[in-house]
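Which chain is which? They are A, B, C and D, in the order written, and residues in each are numbered from 1.
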Amino acid sequence: MTMRRSAGGTRLASLLVLLVLLACAGCEREARRFDDRPPAPASGDAVRLTPLEAGPVTKQVSMEDRSDDNAWDTAQGKRLFSQFNCTGCHGQGGGNSGPALMDDMWIYGAEPENIYATIVQGRPNGMPSFQRLQSQQVWQLVAYVRSLSGLLAKDVAGGRDDHMQRKAQEQSTDPMKPRDAQPRPAGQP
Amino acid sequence: MSDSRASDVDVAALPTTVFGPRDLGWWGTVGFMAIEGTTLLVAASAYLYLWRNAPTWPPEHTLRPSLFWPTLSTAVLVLSNLPMIGVSRAAHRFDLAELRRWMIVASVLSVAFLFLRWQELLALNSRWDTNAYASVAWLTVGMHASLLVMNACETVVFTVFLHTSRVTERYFSDASDAGVYWVFITLVWVPLYALVYLGPYFI
Amino acid sequence: MTARAVSPSRLATADDHAAAAELERTWGDRPGLIGWLSTVDHKRIGIRYMVTAFVFFLLGGLNAGLMRLQLSQPENGLLGPDRYSQLFTMHGTTMMFLFAVPMMTALGIYFVPLMVGARDVAFPRLNAFGYWVYLIGGLLLYAGLFTNTGPDTGWFSYVPLAGPEYTPGKRADVWAQTVTFTEIAALIASVEIIATIFKHRAPGMSLNRMPIFVWAMLVTSFMIMFSMPWVATASLFLAADRLIGTHFFNPAEGGDALLWQHLFWFFGHPEVYIIFIPSLGMVSHIVATFTRRPVFGYTAIVLANVAQGFLSFGLWVHHMFATTVPQIGSSFFSATSAMIAITTGIQIFCWIVTIWQGRPRFRVPFLFVIAFVVVFMIGGLSGVMVASVPFDTQVHDTYFVVAHLHYVLLGALFPLFGAFYYWFPKFTGRRLGERAGRWHVGLFFVGVHLTFFPMHYLGLAGMPRRVYTYLADTGWGPLNLLASIGAVVLVSSVVVFLANALVSLRRGTAAGDDPWEADSLEWATASPSPPYNFVHQPVVEGRSALWDRSEAGPVVTGLRTDVREALVTTVMDARPDHRHFAPSPTVAPLLAALATGVTFIALIFTPWGLPVGSVLLLVTITMWAWPSREEHADQRSQETGAPA
Amino acid sequence: MIQLGGHSALHPAGPQAARIHDFWQFLWIVAAVVFAAVVAALLYAAFRRRGTDLDPPAAHRSAVRAVAAATVGSLVVLFVFLLLNFRAGQALTMPPDGAVHVKVRGHQWWWEVVYPAATPSDQVTTANELHVPAGRPVVVELTSADVIHSFWPPSLVGKRDLIPGDVATIWFQADTPGVYRGQCAEFCGHQHAKMGFLVIAEPPADFEGWLRRQRNSSATPADSVAARGQEVFLATQCALCHTIRPTPAGSRVGPDLTHLAGRRTIAAGSLPNDPASLARWIADPQGVKPGAFMPATPLEQADLDALVAYLGTLE
């Protein structure tokens, strides 16, 4: 009897645990962060590709603003990606005159700060510099770009959008272990 | 018993096992048939609604479904009602041995349905996330598939029960209700088959 | 020569005492937590349903209170749009899916078996399962809110706003699964209520002798059965769009945003009637009891209920007059929307005539009925107005409609509160305080008008729904402040009710079996009723089961008391047909409900939830269906007629 | 303080809204009468002095008659209602001749307004303001760029939804010159509450003049401050989303600002169009419309003032 009773108790407990787990999944991932981050213009030298630095130490962009853990920010990145015409060169991620972003090949690094620097500073062979963006917007773009090759948690990566579909939705994209790749010679698509 | 009066209703003599609409279980079965039927009706109406909106059906660059496996499967579903006649006859006769035999046949069939249904999904020839046509086709077939899965589980478990446990009368009534449900899910598939697989060929 | 007892409080003979004692053993639950978790008694589950639904009512009211606070002045900074959107979505979803429908089905689950003179509902274990699923659904929704995953796209979740592109994250999925859970619960309730009504009626209670509330629950159950699958399937489509990338609602790939609206409102309009048809049934009972005469026009009222049931499926497009649906179709829906007013009108006329002919006792339930007619008339008349396509294009999605729908739904709430005062003795054996009750009805009546009447004007003055704030220049401030003050009055009336209930629970005057001298069978047995409901089920001799009952009325004899044996009768005229073995208490339904919960909650995150959950379900449901040794013995003994 | 024109179904300023308003008058009067009758009957039935009642059969007969009469009565009322309703509907859906054609596209959370023209260069694009000639019907073609919105200037006409993948049309007419406010009426996300617009009805001549001016590009900044402001505009993120003809800034993400200074409000009717509000909107849009897609632009005070001054020159 008593054993059974405790069994009943544990069942209720397990239900609660389930909800608590849901909770942890919730909070961070779901926040809509409109203005809790002070506007800061993205600066090219803010992110370093190497910890070494000659001369006086320059300021670093705070990683606070990173958006890889937030579904809403990632969705904003998706919106900016098409609004700023990244699609013009990268297509829907499949690449065109610019390199594909939904594969495991990374010319300038797959780490968030690498991608941040690539967007802000621009790269040879045509990647323009988006220095005028807000730091927050860049991080949102970084999150989306990483979601294209499945580098984000599935419940953060986006679903299908309301347009013609040219690729599987990000949340169904399995993680691709990043590999280094050589930049393509200029002029070649 | 001394003070029992004429106007009282004595039910002691009434039977404890009855079949069909007289039986409580039958009403439960029919209730869920109504609900599941409505659900399939919703899927079918969504299919027709999207069809009506589409310039071509299926959309360009989308293959029409192949017909071999779906047609075979539909035929098997319909014909599977013959053994169910055996089940219900055995049930009404309270003939346990025969009921056990027929239920084994039913179990085999109910599992075979699942294999056939898998082939039917592949026969749609386009993934659910291709376009709205593929989505609604997949979910219509898939929703009926979920009924087949439930039916398979139910049939197999019930068959095991019949073979392992001492069977009382009421389970014969349950068996005949299971037969009613079987008829429902096999026959309700026919219009869905016509809609999803034949539909795209006749516009 | 004394009559056999129906109520355990009126045991006369030695047989009666013996029978009652054995029934108590047979139908009672095990003590302690395990008994609580495993009970299949429709009364315990019904009470559970009601308490849970009422808690959700308070939570939904809390959401509304916060909204009124935010809107009490223009450009108020209390709540931002993000939080506000979650709040009004939670408010609508809670009130519709977690309060109104469950509360109505709960009353059905509790009273239908009592009113038809049955031992329990037709499928007691299913009944328990339904409750647990509903509870899980409600907990999921509020777990969502407290983890900032509260749905924020409205209780109607229009696509594409609720689709994967414009609502990233899991908020809309929480909504979709909550809906799935509550629909499952409601559908289950509908099946067992229908089966109970058709097969468990006491001998003599032919269909044309059924209490009006039972008729109302029958109609409601059929409406649930044929309307809820639409929203359940629609939310499945939405979840699929969001999780596995289907294109039901993506115009670019052949989908259609209006498809959602058709599917949703084909459920959504009957939903309103599902909520207030039972209320109308309660009104008929209260009117009959407190005018001391059967309701005038029984047949007219029943037919009106049935007609309402059918017509309510022909109205859904009147929620879409502002979309691109063709005009000519719309005029048909205007007609049906206007005509359904007749069905309510007839019932109101019948009640007025009954009151006219009777000698009313102005007790709290009756006061609630009078208040109900006044409030409900306003809601009904503004309902006819919005049935007009041109007028609707002005007020659709404005505060005018907010006023209209609250007059209708709170209109349905008056009889519900009245029914609480009417039936509280049956639940608890004690009466609710009369004076506090008068305060309750008064404050509630005033609060409703203060809060919602100004909204008619606000809507016409251009204030749209679902706005988290408004500019001062619009001039909407004063009336919004008035509405917010009204909300305070509403809250206070509910507080009075809560206090009244809590106090009466302990110190209320004892009620006895039939405190109101009412006429339906729930009053034929003890208050609160025993697990087996009736020592001997009464045989019904007329439409007013108790008022027409002869001195020393006839009862059912010969049902076994040592096993859970129930009488099954014929559908039309309730002739005794056979004896049925009712299942015993078990935790299996709870386990099955947990498996269901795991399945659908996992499905929010990964498609793998389906196969995994299905296995859990298979195991738990097998446990459920597989008879225990005792049960097996009981069945055999029942069939051989010999005690085990 | 935003100067608000009529914004109420109770102050109709055009044939459509007037027609509906007349119908509303009929509706509420009839409703009031029915309501009074029923409630009176109820209260009398409840509180009448109980004398000796009629004998049961007679009482029953009169009761049946009463209910039957009441039912027939309500049927008649509803029938009349449906007739008038149908007539009103007919009158409203009649397509007008000689109408001005405007395209309105809903965005989260602003309105893009386009005046199509035979030659593309003559096409005019503005935002959150419809200029229309008074006394002339206007046909609006409604589409949505993202979610469902609803176009609703209550003083002129009832609402019509903007549904993605679908084109809706609605027509209205402003009888007299004036400013009429409208607002999105279908919940469309965070800033549904602040998605307003103005319909500005002018004498036909003024309207033509306005349309002509809109076709021109903006003048090059005259003074140094404005010139500095233009540099700021082009050097910061502003240019990534907005268009100002003839500058290189040509993005269509946000509203076209070529003639911003001519508009009465900014941020979709949420702020008056004055330097202070402009500065506030640029520096802290999330404070004004949380969730709006315009990011804050941190600027030195001098640059901000220059930018506002420049925007002020965009007549």
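Just so it is clear, contacts are C-beta pairs under 8 Å (C-beta built on N, C-alpha and C of every residue); 3 or more make two chains touch, one makes a residue touch a chain.
Here the structure is a predicted model, which is why all the values come from computation and not from measurement.
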{"item": "Chain pair with more C-beta contacts, B-C versus A-D", "value": "B-C"}
{"item": "Chain whose mean Cα position lies farthest from chain D", "value": "B"}
{"item": "Whole-Å gap between the CA centroids of chain A and chain D", "value": "38"}
{"item": "Centroid distance [mean C-alpha coordinates] between chain C and chain B, Å", "value": "30"}
{"item": "Distance from the mean Cα position of chain D to that of chain C, given in whole angstrom", "value": "39"}
{"item": "Averaged-CA centre spacing for the pair chain D and chain B, given as whole angstrom", "value": "52"}
{"item": "Junction residues of chain B - those touching two or more other chains", "value": "129-131"}
{"item": "Junction residues of chain A - those touching two or more other chains", "value": "32, 34, 160, 162, 165, 168-169"}
{"item": "Sites on chain D at which at least two other chains make contact", "value": "146, 164, 190, 290-291"}
{"item": "Pairs of chains, among all present, that meet the touch criterion", "value": "A-B, A-C, A-D, B-C, C-D"}
{"item": "Residue ranges of chain C in contact with chain B within the complex", "value": "1-4, 13, 15, 122-123, 126, 187, 190-192, 194-195, 198-199, 203, 225-226, 229-230, 232-234, 236-237, 240-241, 244-248, 250, 253-256, 259, 262-263, 539, 550, 552-559, 567-568, 570-571, 576-581, 614, 618, 621-622, 625-627, 632, 635-636, 638-639"}
{"item": "Complex contacts: residues of chain D adjacent to chain C", "value": "1-2, 4, 7-10, 17, 19-20, 23-24, 27-28, 31, 34-35, 38-39, 41-46, 48, 50, 53, 59, 63, 66-67, 70-71, 74-75, 78, 81-82, 85-86, 88-89, 92-93, 108, 146-148, 150, 152, 154, 157-161, 163-166, 168, 181, 183-194, 196, 270, 290-291"}
{"item": "Chain B to chain C touching residues, read off their complex", "value": "1, 3-5, 7-18, 21-22, 24, 27-28, 31-32, 34-35, 38-39, 41-43, 46, 49-50, 53-54, 59, 128-136, 138-139, 143, 149, 153, 157, 161, 165-166, 168-170"}
{"item": "Touch list for chain C against partner chain D, complex", "value": "80-82, 85, 153-154, 158, 160-161, 166, 251-252, 256-258, 296-297, 300, 322-324, 327, 330-331, 334-335, 338-339, 341-342, 345-346, 348-350, 352-353, 355-357, 359-360, 362, 370, 373-374, 377-378, 381-382, 384-385, 387-398, 460-462, 464-471, 473-474"}
{"item": "In the complex with chain C, residue positions of chain A that touch it", "value": "1, 4-5, 8-9, 11, 14-15, 18-19, 22-27, 29-32, 34, 71-72, 74-75, 78, 154-155, 158-165, 168-169, 171-172"}
